[in-house]
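Going by the order they are written in, the chains are A, B and C; count residues from 1 in each one.
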Amino acid sequence: MRRGIGFWTGLSFTLLISAFLILPIFASVIAGVTANQFVGLSSGLTTRWILDVWANYGGTVLLSLQIAFATLAITLLLGVPAAYVLARHAGVTARLIEEALVMPVAVPGLATALGLILAYGAVGGLRSSWYFILVGHVVFCLPFMMRAVLAVLLAIDLNRLEEAARACGASWAQRFFGVVLPNIRGGILAGSLMVVTLSLGEFNMTLLLHTPFTRTLPVGLADAYTALRTEMASAYTLIFFALIVPLLSAMQWVVGRMDQQGRSR
Amino acid sequence: MHDRLRAGLLIAPALAVFLAFFLIPLGYLAVAGGAGGYSAILTEPRFLRSLVSTLLVAAATTVITLFIATIMGLFLARVRFRGRSTLLALLTLPLAFPGVVVGYLVIMLAGRQGLVAEVSMALGGDRIVFAYSLAGLLLGYVYFSIPRTLLTLMAAAEKLDPRLEEAARSLGASPFGVLRDVLLPGMAPAMAAAGAICFATATGAFGTAFALASRIDVLPMVIYTEFTLQANLAVAAALSFLLGIATWAVLALARGASGGAAA
Amino acid sequence: MSIAISLRSCGKTWAGGARGLLPIDMDITAGETLVLLGPSGCGKTTLLRLIAGLEVPDAGGQVLFDGKDVTRLPIERRNVGMVFQSYALFPNMDVTGNIGYGLRVRGFAKNEVQNRVAEMLEMMQLTEFRNRSIDALSGGQRQRVALARAIAPRPQVLLLDEPLSALDARLREQLRQEIDTLLRALGITAIYVTHDQSEAMALGDRICVMDAGRIAQMGSGRDLYHHPANAFVADFIGDANKYVTQTGEVILRPEELSLRPDPNAAFMITRVTFLGPVLRVMVRHPDGQELRADVADDVTLQPGMRVEVSVGGASLMKADPPALD
């Protein structure tokens, strides 16, 4: 493409929108480490706000991590076999089941959470335990794991590979663990990063499902935004970014590598 | 038969979780509204007003986002410059931000000590603050809608056959003609799909409005208020059930129309 | 150890009610190479998959291996080797891993697996590629790995589903010869599916031509070529002119026709194309029918010239009305 007026207009527009998306992130990060918000950066950098936030809200971070990894374990156990079955079956029933299983993504978290409270809010100690939040996160994250794995399963010509393994004499367990799983590692990894990322950031459901003793990171953030000063709120947000950005970068790297492999085949 | 049994056993756990923790709760939600809840929605103007403003905000978000993402998608799909991949990585970061964080970022941008306020003051003007108004809410919605829409439209733009554009140009079409007759029609299915997702997400979005404590009563905020502050369970349940059905239907329609291209 | 295979009224009806294969009876002798030949959708792959154990025939059908009923036995317990159209090599394993897979899942001892794989690598001239990943192989190399993987466990039957269709013409020719040599050396019962008649001719002890879910004709290549059972077989094996005489339709091979200039003959040359090995001459009868003749290059044959057409030695027709063959 010649770099005519079209290019420069497009570039300016793109950079303007990029600034809109990116600048607030930087502003927030800087505010979180600036010693004096009113003086600005010249007042020097400090980790004081981050330490303060950690002292008060560190628990929310740990709980969020605990929930995220528990969600990951469960969605792996449920989602990978489900995706395998859906990839192997072409019938109407399989498509209907697939359609049903991804429904929770399409319904706002607020509605799902309200439903969970109505159905199970009075069951034993569930309402006050972190398992209640875990249940919500599993329901919401399962479709993402399933779809990430399913996409790879459909791309590798699963049926042909399995037939080849059968022709070599492999039993079901031998081919599932020896051929299927190793060939969908990329999808499982991408799905896992996705699930952890989503669970760490889930707010819409968690706000209704949590109790004062089961506050997660985003719920704590919401509280901080209304209750705390800008530097504290920003420092708290910075902690969230520090968790989420590496995960997201790793995910982009994994997906990019899978694309490359897909092309080389 | 053996095969079918195994398939059933493998998918049963996922189905059980879906049934127990999604479908049954949804059933409770549908019933909990009762006749009172559903009729209140129709009779109290407050709820209808919030419904209308929610749909308007979602529609405006969709239009603005599609406009921005189409231009950027077409541009980023066809040009290569240094730092492009870094820029793309940065642009997709907000995908993982919860609504509350987006709301906070709008405050960083357009709040009392926000970037816009600082810049406008530095230029000798008034302190411009619009984070808590309708404009701020829209800004937040557009903020979290752009990354996903952009990814979809960029992928669609990359799939366009460059020979079509070359053919149009060989026939004498102007750049605008190429855009109108070749590029936009080629992107239309992806735009419809991405637009539907954008609309459904904006309708159900909650965190941003919550963080901005905005004066615009979007439906999810009304549901939250009715549930926590008024303890008006019937109306909250009825509203959220309708909201859930509506967003699901919009997405299902979009998926059907685009042949599964939409997420 | 090769085995005989018999099919007894094996048909296949798909879930939607479409008939993939009409009930077929077939006997395959131990050690022979049978080629299933036909256009796409003729049922040849379905038949192969029935023999493999990847599909189960409709009720009443039976697959017998050396007289033993294996109809309900899944492929993993039939001891067959199979080569797939797109190779279906396992991307998560290297060349050695792929070739040894069948031995490992059968529980062979480690050193036995190693020895057998080394033997296969040697035989297929793959030794230098033994640690390559599948992505780093050429099409021909992948094909060899797929073959080696299929025969490494010493199956009783080797099934090949269009194994060369993904390769370009020259490589196909070369690998065809390699496969031929291999099948002769192994003496294994082999069933080979293809839509390419020259592949079928080169490899098949017998060829089974299939059309629309049934067997059109089964026999040696020579049989099929010289005595086609019907127009479909004649058309599919080699080139054929269809010519309607007063007693009915005859099939005439272009290379069996010869031309002799004769100003009083009924046929007139309409087009002459030089193809290299042969000269293709189109001739037209006054009744409008056209014939294609492949003859030795002859610069005197020109459009507009009248010629007498003869088949082998016998003259087909000299003047109006057409004399009959």
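As a working rule, a residue touches a chain if its C-beta (ideal position, glycine included) is under 8 Å from a C-beta of that chain, and two chains touch if they have at least 3 such contacts.
All values reported here derive from a predicted model rather than from experimental measurement.
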| item | value |
| --- | --- |
| Touch-network distance, chain B to chain C, counted in steps | 2 |
| Chain closest to the assembly centre - both centres taken as Cα means | A |
| From chain A, the most remote chain by mean C-alpha position | C |
| Between A-C and A-B, the pair with more C-beta contacts | A-B |
| For chain B paired with chain C, centre-to-centre distance based on mean C-alpha positions, whole Å | 56 |
| Averaged-CA centre spacing for the pair chain B and chain A, given as whole angstrom | 17 |
| Cα-centroid distance, chain A relative to chain C, in whole angstrom | 52 |
| Interface residues, chain A side, partner chain B - complex | 1, 6-7, 10-11, 13-14, 17-18, 20-25, 27-28, 31, 37, 77-79, 81-82, 84-86, 88-89, 97, 99-101, 103-112, 114-116, 118-120, 135-136, 138-139, 142, 146-147, 172, 197-198, 201-204, 207-208, 218, 221-222, 225-226, 230, 233-234, 237, 240, 244-245, 247-249, 252 |
| Residue ranges of chain C touching chain A (in the complex, touch as defined) | 52, 54, 74-77, 79-82, 84, 86, 88-92, 101-102, 105-106, 135, 149-150, 153, 159 |
| Complex contacts: residues of chain A adjacent to chain C | 156-157, 160-161, 163-171, 174, 178-179, 182-183, 185, 261, 264-265 |
| Residue ranges of chain B touching chain A (in the complex, touch as defined) | 6-7, 10-11, 13-15, 17-18, 21-29, 32, 68, 71-72, 74-76, 78-79, 81, 87, 89-101, 103-109, 113-115, 143, 146-147, 175, 200, 203-207, 210-211, 213, 220, 223-224, 227, 233, 236-237, 240-241, 243-244, 247-248, 251-252, 263 |
